[in-house]
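Both complexes below contain subunit A, partnered by subunit B and then by subunit C.
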Partner chain A sequence: MALSAIRPGCPGRPGYTRRHRTMRVWSVAAGVTLLAATACSSSGDESASSDTTTLTLGYYAAAGDPADTTMRELVDEFTAGNPDIDVEIQAAPYGDFFSRLRTQIAGGDAPDVWLSDGVLVDEFAARGSLLDLSDRVAGLNEDDFHGIDLNRTPDGEIYGFPQGAQTPVLFYNTAMFEQAGIDPPDENWTYDDLAAAAEQLTVDENGDGTPEVYGMRVHSSGFTESWWPMIKAFGGDIVTDDNTTVAVDSRESRQALQWMLDAIGDDGFAPDGVTTESLGGPHQLFANQMVAMIFGIYARSLPAISADVEFDVAPLPTGPGGERGNVAIVNSWVINNEAGDEAADAAWRWIEYFAGEEPQTRWAELGEAIPINRAVAESDAFLNSDTAPAGKQVFLDALESSEDLGVNAVWAEYTGVLNENIMATLDGGADVDTALAEAQSKAQEAIDRFYAESS
Partner chain B sequence: MAQSVVTGRASQSAARPPAGVDNRRSRRRKDRAWGVLFASPYLAHLLLLMLWPLGASLYFAFTTYDLVNPPEWTGFENFTRLLSDNNFWRTLGNTAYFAVLFVPAQTILALLLAVALNQKIKGIALFRTAFFVPVVSSWVVVAYVADSMLNPRSGIANTLLDWVGLPTQDWLQSPALVIPTLAGVAVWKGVGYMMLLFLAGLQAIPEERYEAAKVDGASALQRLRHITMPGVSGTTFLVLVLTLITTLQAFEQVFVMTDGGPNGASELTVLYMYRQGFEYFQMGYASAIAWVLFLLILVLTIVQLRLQRKWVHYA
Partner chain C sequence: MPDVLTDPDAAARHPETPRRRGRGNLRRTARKAPAYLVLVLGTAVMVLPFLASLGNSLKSYAQYIKVPPDWLPDPVQWSNYQEVWERTDFVTYLTNSLIVSGAAVVGALITSAMVGHALARMHFPGRDVLLVAALGTMMLPTVITIVPSFILFKSFGWLDTLLPLIAPYWLATPIGIFLMRQTFLGIPRDFEEAASIDGANPWQVFIRVHLPMAKPALATLGVFTFMTTWGAVLEPTIYLTSPENFTLPIGVMSLQGQYVGNDNLVTAAALMSLVPVLLVFLVAQRYFVRGVMSSGVKG
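The block that comes next holds the complex of A and B.
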């Protein structure tokens, strides 16, 4: 722009005059001003008209993903029903969305309302970026929705309203079970039953010692579907005292990890880390029919359905202590603490809209999340829909008995420490006792650093 | 464009008849205003996008700053925490290991390739382009290609090993192999650029020296050792400094290829810093890491500058 503005009337050319020079200075100045104006324009368009409120709405989804498409359709329907609200969408893939969000918050430029991964609500709330929704939630009938309690802080505040729920259950490939002549899993299954079936389902056709199909996935960097529920099923704890005391270094944890190590090693019914990565990562195994069973959250239905896998779900098996270790993540809408009253009201209207029957049904049909609207979750349309899995009630039962995933203000940091140490033992490099001790002390350090500083 | 405008103006004023002193002074003032105007985009860039963040990060390094609430001054707390942070030292160790493998490998290979491609043979441009293609590709693309080549089950790397009867490897999944593998991929991506620098250096060596050496009966190896290498020692120095700095700042590659895995074995310092700042809300601590890393790079570069006197010859 600035360059093309200089081009006419080049000095040194015949006919170049003082008037030209003056014009040139003006055009350069105009160009610079224009550039400056473009740079500032992103923050200057809030005063569209006094009777409409502009609501900036953030969520994570890959562009063109079915979730992205559906969300945009729902936004259109929302604005059609609420002509006084203009919605400005800010969407990005998961990782980008959250790293950008943190810098947006620093710059005072975060969306008015955004979809938060359930485990991150506390992180943002504890630092004061979220609006307390307790009063607004009090105006609703809490029994109409799943997951509100999981978002309640120890002090009783609520900073996120459920958008969709996730809880791991046992996914199994019905065709593989039939072929092997094994009865499908049921609510009476224990970890021993799981191991026995998984061994039978492991197939090494060419006899080279490397199975082509494994019975069960055990090794996964996504610990919601791996060591977290397993340790709990063996009677262990990860964090206690309102999620501020790490308690993972226990006999029960060692037993759970030993069960996992046996599955990967001696029993050989679960792929190790290298095999898992070679086959495309932990979340590809079930959809690619490389494993017969996984612990999977509701969202794993989507890739399995897309790949035409015949599958169903069963409750998590019970561990030696009779526990299943059910945990849940409630992805939630949160409102920016910096949003003005009008924007906050508009944001709450969006949240209420999304919790309604139509949007919840649409979202569930995607295979993305368990509806948080109980009426929808218990409706015939959801429970007996044509899309797999047939046993959707299993998710609802698991959700009822779920604990949260140890959420606190430093969730990403402390679970990162735990995961790294535990995965190091599962990869065979680290001693279980040392790793658990290290995991516990380092994770506790991260938690104490925050809570000591803020108290 | 800006350059041609300036030179055009200069030649024009030189052609004008001499004017009075006052006139000259006002012209000089005007020239200065013009200079500032033309430099203003760069000055604005320097002030707003470089000096300001630099100063801010130095300040943050002495605070706890969670991006949400205003920074709180904590003095040297971040730096004392760094000293006892085993994870930080581990990432620094990983980075050093990466540098020790990558810097010499890339420099030597780039020189050898430049020598090989510094010839007048048919289709030489094709070879030069081939080595340069990874340089202009983005890390995401290179990572995707490398990932599929290095897949332990289906990648071509293991297929070849298997074919010649060698044991296959878990390239990116083995904690012991991941850094050497990453260094190898980084060489593949970066060698073309350094090769180009060497090519430019090689072309500055007078042909007569080689001819004289040939007449004196020097072998190809002797010519490489005694003419080429001293001849490009200036370029070698530049390549070493640039490579070491980019290595210590390496981020994209591990971010897209391993995310620091398996189990932290390839977590380099900048990735660790990124996590602290952008995932764990600890921008103060991340800034402290950045400044320690900067000081390290500075010291290493000064050492390199000092050492160059011993081996770099400028013709």
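The block that comes next holds the complex of A and C.
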């Protein structure tokens, strides 16, 4: 074999050949590159002194965004007040954070505490990844916080402690309303009022049949801000029986979808799916002022503010039965079930700290979420802050009457099936009856499959 | 025919020559005009998106999301580049990417050449099975193997280091094995036999005869490996958690906001990260093209 011919040699020694020199160059190159890689990488396992606990903390935020900066400042303040705890931060943008997290959980290397999207808490909990926080939460006065009840499982367990809340309300462009001479929406608005105003706000300046500005956005893959609250407002249900029975195939759902189809079609005050995407996507239409109204969660204030949109908010309109269909997502801190006792205790101290008035006030100033600390949420710092929207009380009122977003262990899977079928209807390619029947059947299969396997 | 370049008097002796040549050039140019038009259009198709990105990188967020879009930024927001610089540790990301790509290229070249040579030139039991098995791993999407790999690298203590991004390239890559095997198969046996008669052993034949003849393929493999590792997103996202270990792509992506997309900043960062890879491509372009053209040719 060729490799058996390799023998060590040194420059100047008899037998040292060009072959030896080549081998040395390759060996050195290999060694240097691997050493450089090792040297330039922090191992992340620097041992803390014996009387400190190292807490790995994960959250999602864009690097250098105000949320990221504020979170790091709060971590610094937390560790300054808790010198026995060292915090190692693992931050990434939303999508990357959860891609990595799922691999970390599978590989047994997830952070000790992380910020979870509220709709994913049950998914992690049902797979044994989360510590039950029920006993720890019992030590707090639950009335001091928003969202704890929304996080309670049917068995009464709590796996996530609220970090910030989101609930959709009606965002409207105040300048467009003024220009059209329409009174701003209020709590008495119905879906008929919404449609009438949206038609008036739809502008086709050149008369080519394609509006330059639409009154309302209804087509959105982000269903928290479209078909979910609309079906609820029309008296329909999505899931019942502790979120284990899909009930979307109903007369009320058909009515809601028909209202949406009319808005896109005959009434023409909302862009269809293709137009929505071509105008920048469902979450950009309000910020780039292509629509006058959207259903939007609190965080949609951020792009609108960044784009200098003049806007305010109103309660969701009521459907035929007087329902608004308020729903809420409570993004939550969760603790890794594999965290040791010390790390779990340190994690809980962080959660309690973050829920306190000072950190919650700082977080509220970002405009990223409704504060879960009631005292802060009802304070001037939140309700009367200088940043838009002025009517922040609307969010608090909606939150008080909100249901959860059908959260269960297979939320992403079953809502994905529902969304796919309902969007097929809104895109005009599928019959409403067939799509709803298909949606119900397949979504139920997804739920049954998981719970049958886990029972 | 007189040569006006080497004989200055030729033009004077044959005054009609330049005119004829000029008419000839004109006709040739006219014949080529459609081709030039196609090329110009093709170039425009290729270059316009880049120019649009350049424009977008200089817009404010409000102007970035405007519909219909403005082609030119107004006002030009150079501060986007400054903000990217301030928000991220760009030099560290660049250094990490250079280390990863550099080490991966060296590793892929050394090991793929060795394995490819063995599979092309040596006879041993199971050789073809090994080749098929190696190529078969190309069919497995990375996402399938990411969890076992994660557990493996965790057991090595390599998580949040650059090693998981480099080490696989030191175990020969399937595409590298295939490319090098095909290249070595295409070298006539006469060279090997001549070297053997002169006393060269198989290792010397590999190093001193075959490897120099495979330079274009090595350059191709080097460029491919560089581009693959330079643009890799999935593995760095999974393995790296500390910003000081980030590579450029995930450093760029770390700017992506959930509610406010920061797309103008991401575009600026992406353009900044393009510069080094463009330089590498320009330097290696000659080898790259030659290697691609010759790697599939046998004999």
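The criterion applied here is as follows: the second predicted complex is superposed on the first by the 409 of 455 C-alpha atoms of A that agree within 3 Å, B and C clash if a C-alpha of one lies under 4 Å from a C-alpha of the other, contacts with A are read in each partner's own complex, and residues count from 1 in each chain.
One rule holds in what follows: a residue touches a chain if its C-beta (ideal position, glycine included) is under 8 Å from a C-beta of that chain, and two chains touch if they have at least 3 such contacts.
For clarity, every value in this text was computed on a predicted model and none was experimentally measured.
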Contacts for A:E368 in the overlay, against subunit B (first) and subunit C (second): which applies, first, second, both or neither?
second
When the two structures are overlaid on chain A, which partner does A:G429 contact: first (subunit B), second (subunit C), both, or neither?
first
In the superposed arrangement, which partner chain does A:D96 touch: subunit B (first), subunit C (second), both, or neither?
second
Mind working out whether A:A106 is in touch with subunit B, subunit C, both or neither, as first, second, both or neither?
both
Tell me the contact category for A:A62 with respect to subunit B and subunit C: first, second, both or neither.
second
Touch test for A:A307: subunit B only (first), subunit C only (second), both, or neither?
second
With both complexes superposed on chain A, which partner does A:L140 reach: first (subunit B), second (subunit C), both or neither?
neither
Who wins on subunit A residues touched, subunit B or subunit C?
C
I'd like to know which partner A:A381 touches here: subunit B for first, subunit C for second, both or neither.
neither
First, second, both or neither for A:E277, with subunit B first and subunit C second
first
Please write out, lowest number first, the residues of subunit A touched by both subunit B and subunit C across the two complexes.
2-3, 6, 99, 103, 106, 279
Subunit C residues within the subunit A interface of the complex:
61-62, 65-67, 83, 86-88, 95-96, 99-100, 102-103, 106-107, 110, 122, 146-147, 150-151, 154, 157, 159-163, 166, 170, 201-208, 234, 237-238, 241-245, 250-251, 253-262
Within their complex, state which residues of subunit A touch subunit C.
1-3, 5-6, 18-19, 22, 26, 29-30, 33-34, 36-38, 40-45, 60-65, 90-96, 99-100, 103-104, 106-109, 279-280, 283-284, 287-288, 290, 299-300, 302-303, 306-308, 368
Could you please specify the touching residues of subunit B with respect to subunit A in the complex?
1-2, 5, 8-9, 11-12, 37, 40-41, 64, 66-69, 151-154, 170, 172-175, 261-264, 275, 278-281, 283
Contacting residues of subunit A [partner subunit B, same complex]
2-3, 6-7, 10-12, 25, 28, 32, 98-99, 102-103, 105-106, 123-124, 127-129, 221, 273-275, 277-279, 410, 412-413, 416, 420-421, 423-424, 427, 429-430, 453
